[in-house]
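Got a structure for you, questions after.
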Amino acid sequence: MAIDHDCSCNKNPLLPSLCRVIDVKQETPDVQTYTIQTLDGRKPFSPLPGQLAMVSLLGVGEAMFSITAQGEDYIQSSIKRTGLLTEAFHEMQPGQEIGVRGPYGNHFPIDDLKGKDILFIGGGIGIAPVRSMIRYAFEHRDEFGHLDILYGARSKSDICFKEDVLENWPKEKDTNVYVTTDVPSDDWDGHVGFVPSYIEEVGFKPEGKKVVLCGPPIMIKLSSESLLKMGFQKEDVVTTLELRMKCGIGKCGRCNIGSKFVCLDGPVFTLAELDELPDEK
Amino acid sequence: MSVKKDNNWEPVILAFCCNWCTYTGADLAGLNRMKYPENVRVIRVPCSSRVNPQFIIRAFQKGADGVLVCGCHPGDCHYATGNYYTRRRFMLMKRLLEYNGIDPKRFQAKWISGSEAAKFRDTVIQVSAEIKALGPNTKFVGTYAPQNAVEGGQE
Amino acid sequence: MILAKKDLDQALGILSQDAEVFVPIIELIEDKSGIKEPAFEKKFMPYFEGAAVGLDNFNTVKPPKDVLFPNVEKLYKYKTGENAYIQEILPEDKPKVLFGVRPCDMRSIDSMDKVFFTKEYVDSYYAKRRDLVTIVAIGCLDTQRTCFCDSMGIDPNDAPTADVMMNVTKTSRTKACPVTGCTIPEDDGSYILEARTEKGQALLEKIKALCTEDGSEEACKDTVCKLKIEKDPKLDEKLSTMFEHPIWDKITKGCIGCGTCTFVCPTCYCFDIDNENYGAEGCKYRCWDSCMFSDYTRMAGGANPRPTKKERLRNRYMHKLSYFNERYGETLCVGCGRCIENCPAHLDISEFIEKASKVDADAKEYSEADFAGKEAR
Amino acid sequence: MAYTKEQIQEMIRQEAKKALATGEVSAVVGWTSTRFEDRTKPFFAETESECDLLVWNEYCINGTAKYALDDRYPEKKLAVIARGCDSRAINRLIQDKQVKRENLYIIGVACDGKDNPICKECQHKNPLTFDVLVGEEVEEQINADRFAEVLAFEKLTPDERYDYWAKQYDKCIHCYACRNACPACNCIECYADQYRTGWQGKAADREQNQVYGLTRVYHVGDRCIECGECERVCPMDLPIMRQTRKMLKDINDLFGDYECGLPDDRKPVLGEYKLEDPDEFM
Amino acid sequence: MARIGVFICHCGTNIASVVDVERVAESAKTMPGVVFATTYKYMCSEPGQAMIKESIEQYNLDRIVIGSCSPRMHELTFRKMLKGTKINPYMLEIANLREQCAWVHTDREKATEKAIGLVQMSVAKVANNKPLTTSTIPITKRALVIGGGIAGMQAALDIADCGFDVTIVEKEPSIGGHMVMLDKTFPTMDCSACISTPKMVECNAHPNITLKTSCEVEKVSGYVGNFEVTIKEKAKYVNHDLCTGCGLCQTKCPTKVTSEFDQGLSKRPAIYIPFAQAVPSKPVIDANACLKLTKDKCGICEKVCPIGAIDYKDEVSYTTEEYGAIVIATGYELVDWAEMYPEYGGGKYKDVITGLQFERLVNASGPTEGHIVRPSDGKEPKDVVIVKCVGSRDPKKGKSYCSRACCMYSAKHAHQILDKIPNSRVYIFYMDVRTPGKGYEEFYDNTRRDGAQYIRGRVSKIYKEGSKLIVRGEDSLIGKPVTVEADMVILATAMEPSPTVADVANKLGIAIDADRWVTEAHPKLRPVETQTNGIYLCGTCQGPKDIPDTVAQGSAAAAKVAALLCHDEMETSPMISFVDPNKCSGCGFCEGVCPYKAITMVEYAGRDGNRRVTKTVAQVNEGLCQGCGCCNAICRTGCIDLKGFTNDQILKEVDALCL
């Protein structure tokens, strides 16, 4: 006898809804941000910060991306060109129809973060999921304490969301923004150096502070080490994982780490939670 | 795959033609206003040795009724030796396809030089007639063509 | 209810009238060249008149899971460009009967149910198929040498979650199958059928006329598995501490990285999603995938969290024996023995279970020689 | 005087121990027993005591050579116990530049024919390449009927042939055991795993199985060493060698006698040409 | 997703009269990726091109398909047009609606259907096109000429005169080749040495020419403009930097061996200058003959040399130099007739000689100082038989081709004999007389007038009776057997390529035919180029020819070289193969089938699983690759692909075929 399940009223979780890309923005030479809307001009769904969307380029393929921002009637996703599929994504033009399903996965622990100071750390395209949380914090500014944003990119031209990072966010109240690049360049007069060392250089104080950390695996690893060295607790640092995902609903099997599925139980984990999982990330 | 079976049925024949000989020969047939059946579609490749046998399988899978590979005569290859490899490759492939049940007339290879417009025309006429006599190809045709999905349902 | 063996074909015929009846059938692939003997294949396929039904004691190579979770399943079709659309393709409404499912396979379907029905999302495709299927399970009369379901806590004589349970009567005699040589009940034997659910009840209603109600017949329920293994009852917990154990290096060495074990496994449910295009139109489908394939977890940039067969096989075994327990509360290996029988490299999950049960979870070294006594002939 | 199985087994164990003792060898690949009497499994002996688990009997049927590809960039040598077919497989891998001879230590042992139908057709029971030979060489036989199966099958009508294969490909479950067991299938990344490039879909339906089946023959046909592993490992019992042998037969018919995996530096047939090759495309 | 524009050309009425172009355009609008489709009277016209450009802007197109005449006609035109737009010139496909549709069909309905199909395939292909860019490669302004015969010398001189450095590599101790052996040249009868030795001297003296005699090409790598050539210099045992060429050593050397220059008709010492006018005029030691080097005896030359230039310890040396272009001029040899024709005595009769031997006999500087005598007894022959086509035009025994020069030099030989030996009789057995050349027929006429008897037929046997050679053949004109008693027989033996050519061609990566002649890129239009860019040919390495043709080819090759070297850099075609090193297994099959040696196996820092390793992978040399794609079809992983004709593009084209 099969387990009781209600299938008649349940929406097919694998079926995307047809949406339209209404704007394409070139963030860096290899990152684009897409603004997505349903065909009738609505927001496809209302994700919580850190959640994922499965974006399907019909006829080509689909991939999971974090939702980096949302508005009244749109969501935004940023995609970095890494392979054949993302290359095809980068050929998208405004007006193009795509399939979107989601939102998937857990989200940043908003309730835990509320009332605390937050240090946001992003590296490269890793700022994309963090941005959704940063925006949430700004939208609910009074619910959070002091905000620090530390962002590192390869060079100035590789900085994603330049307007936000360099202009908008520094203007927000009670907010410090630190930006660094890996390599110096003529058009960059800011800090030069890698994120982990910059973290130590700034010398954030762990007391009453939560950390949201996102970026390439090696950056996460080294930054975590720096943070722990500085006295942050593993429970207070949240990060996101990225693995190959297909179904998004914890069924197809490939994104498991131990008994957890990144698409369903993740992508947001605290360092303490990650410690519990097998080393297969 | 819906089987196209009516009296007006025309086969779909794919011809891979090397740029330097056969494609030129086919162009020359045009310049000379020679006439041949409409059912051959040419894919231009630099050399017959560019043709991967997997393309042939793909063509049958996608519903081609016949496939033709044409290149320069051995010894005349624009790239010196390409068609010698072509020759070996397709001598074997032809037999393998036949072994798997594909009528040898459905896959043919021919050397046609840039001046042999008439040979190009004759080859097309002959292959077209042969395949027309055989009828639509049903072997290796994709069972998963999406028009099945569009028309029917699951399974 | 008692159904005489000789009436089985008739019963299947009746059931086939308004449902597709999947039953193990011995299919012959004739080799007309006469060089090799004709090949037999035993698989679950729709019943047809004259089919050589093989409800004997050999399990099918392919498990019955594809009736609920097909090898390839269309999800939706779409069109790009002008007049773009996305249109769901759900399975047909046709009811199905899975007839002759062994207890191990029945348990595997239970596991599948857990996967596809629980944890936030219900898989619409699986759900629809599952709802339309009535399952008739059969108690094993004999077991293969690779069968070890009773060591995994499954009774080879009973499948509690089936819609109908079917057992051979105690008085039934057996004989060797003239085709395959395996043990089967003689024609004058009979089956005892017992409905466990409403669906099952409805199914039995249809063949009631063929059955008798003889209370004196007793079901044969004393079958035991040929393969007995010593399994630590807390193996799942033990394994969860053994992720870095040296045993993994050793036991995965022989693996050739093919997908045989996953595709013949009744509980492997991993799938991939891909599409097939036809001009501007196309179709999204899902198909079985195997965690043993190198590209399974490989990411776009080339990095792979499970780069070698060691990590992949470890994940498979851990999934079967530990992860699934943690997530769904039961072991995912049902002891059907298919992977043991079919593994090209003769890897043996039962052997692993035994060894893992015995080893010291904290050992830093592992040698096969420690187990030599038991295996060397 | 011929050695007994037990004697050869003991010699294998001794050679394995010697190889490990040199310190240059990481493991010895051979066979060990399983819980079933009539079955052995491939085994990596890494310590002296594990060498005593190596067995030699008529059930040692798995190929050992392909394990050399598990580590393409090894720090130490891998010792491989090689029968005739394994040595040809090793030659195949060396000729395809996938392993370096110096990374292997080959313990050759003449094969007396295993419990595997293909062994009846074997023309090379003795290892062709080895560092040390265990026991004595055995007499080779010429298999005059090498292509009998192909010849018989060729006599069928095209429709019979197609239907036969279609049924076979209906069975195929796309597990790629044939590929992974085949010493000629030694690409770092198989075309069939490259779903993005669109050579082949991932679905295991008849269509994709046919595409895979034919492509496989084309890819390995001119390099097949006829070890029969593809057919042995197939869980669905597809007659895979019948396809590959067809190509081999045609190669023999068209381009002269041809056998692969011998210790020569002959190029695969499709990688070379002769001006005087037969031509039917005039 | 692509934004494709489709432009269907009427081509006046050429296409439009058979194909319903409007319907094709309408249909194209429904194809995946197409955002705009239109037709126009003449796409290739200026207004047509302007319209395409405007549409690109207006509809934000990123690639286009043009349905028009054959791409062989206007592909370049349209690519040039795209250079002025935001679209890369290679984001273009042309559907051939004229030559392969409208012109060959009459049924309007079916032709239109086909046209739609062709456009569909092009649309599917173009959607997968990638922008391609041409790259430039620098050119080393130096040329290498392999072979120092008349062809090589002529080529070298002409290149050098254009101001480029040239190196001549000659395997013999002197340049000059065969021409300098000859006595007179037909039809003008001027002295061969008199006109070739000045060329040799000029080569030696030319400031832009470096002579490398006793040298061979050892290894060639690189590609057009950038060849790296390793030259092997054989041991000479004489330090040419010191040697003054006084010749004393030659006169004192006790060893005498057969002279190659005199075709075996004389002896030379073991330390020798090959011939009097040799360039460089300095001796070398024949290591196989020298007593010192073979038996460690003698050593006279070292003792007599006034400046101590003898160096018995000399060794083979190698130098590597860079060149932008290479000319192969390895010349010919005569076939070994003795093996082919045992019925002519198989070499055992001394008085059966080759034409080249006769040249030495009749040459004033030859062994007999120009007296025509029998090698056997030194007597003057009266009856001389000349046999033509020995080894030529004889596919059964020799070569199937005609050696071209024999008809004329046989006539010349006849003329010389009749001129120098009073009352002599010359019989010429011939199959045909071929005299295509200025003044050639006249020369032949004169020879006949001089008294040479032409007998049409093959010689079946030559044997000796007493001191006479009996020549038996058949006069096919009268159909009767003929027997001639001769004092001497001259065989006009076939030319064949120098035995070294196969090796050189292999090193250069150029093709030779079944007879080992070097294959030219195109027999009509690219007669002095080889298949490989930057490698040219001239002279008899390509096929038998006479001196005027050889010299003409030498100059032609020089012109081609100069045309290349006068540029500082050159553009390469972007439609070449490329390798995905991450997928490459390094099996090297592609390397084996590449006709241009454009693929080499290189080390690459890749990954194996998650481990960093050094892999061996194929790499395509952009300068050498010509884009044939042979390597693509042999590659099992599909990791080597052809830009412009990628696997993906062709598969998509095939997919679109049956829609």
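Chains here go by letter, A, B, C, D and E, matching the order in which they are written, and residues are numbered from 1 within each.
In this section, a contact is a pair of C-beta atoms (placed from the backbone, for glycine too) under 8 Å apart; a residue touches a chain by one contact, two chains touch by 3 or more.
Bear in mind that the values here come from a model prediction, so they are computed numbers and not experimental data.
By the document's definition of touch, common neighbours of chain A and chain C comprise D, E.
More C-beta pairs in contact connect the chains of B-E than those of the other pair, out of B-E and A-E. For this pair, chain C with chain E, the centres built from the Cα atoms lie 68 Å apart.
Averaging Cα coordinates per chain places chain C and chain D 30 Å apart.
For the pair chain B and chain C, the distance between C-alpha centroids works out to 44 Å. Shared interface positions of chain C, i.e. residues touching 2 or more other chains, are given as 72, 80-81, 90, 272, 274, 276-278, 280, 282, 285, 289, 303, 308.
Across the assembly, chain E contributes 1, 32, 582, 593, 611, 634, 647, 651, 655 as residues in contact with two or more other chains. Taken residue by residue, chain B touches two or more other chains at 53, 58, 75, 81, 85, 89, 144, whereas all remaining positions touch fewer.
Chain C meets chain E in the complex at residues 80-82, 277-280, 302-304, 307-308. Residues of chain A touching chain D in their complex: 61, 83-85. Within the complex formed with chain A, the chain D residues making contact are 196-197.
By the touch criterion stated above, chain E contacts chain C in their complex at residues 1, 29-34, 120, 582, 607, 609-611, 655-656, 659. Residues 29, 31-36, 39, 41, 61-62, 71-72, 145, 227, 250, 253-254, 256-260, 262-264, 272, 274, 276, 285, 287-290, 293-295, 308-309, 342, 344-348, 350-351, 367-369, 372, 375-377 of chain C are the ones that touch chain D when the two sit in their complex.
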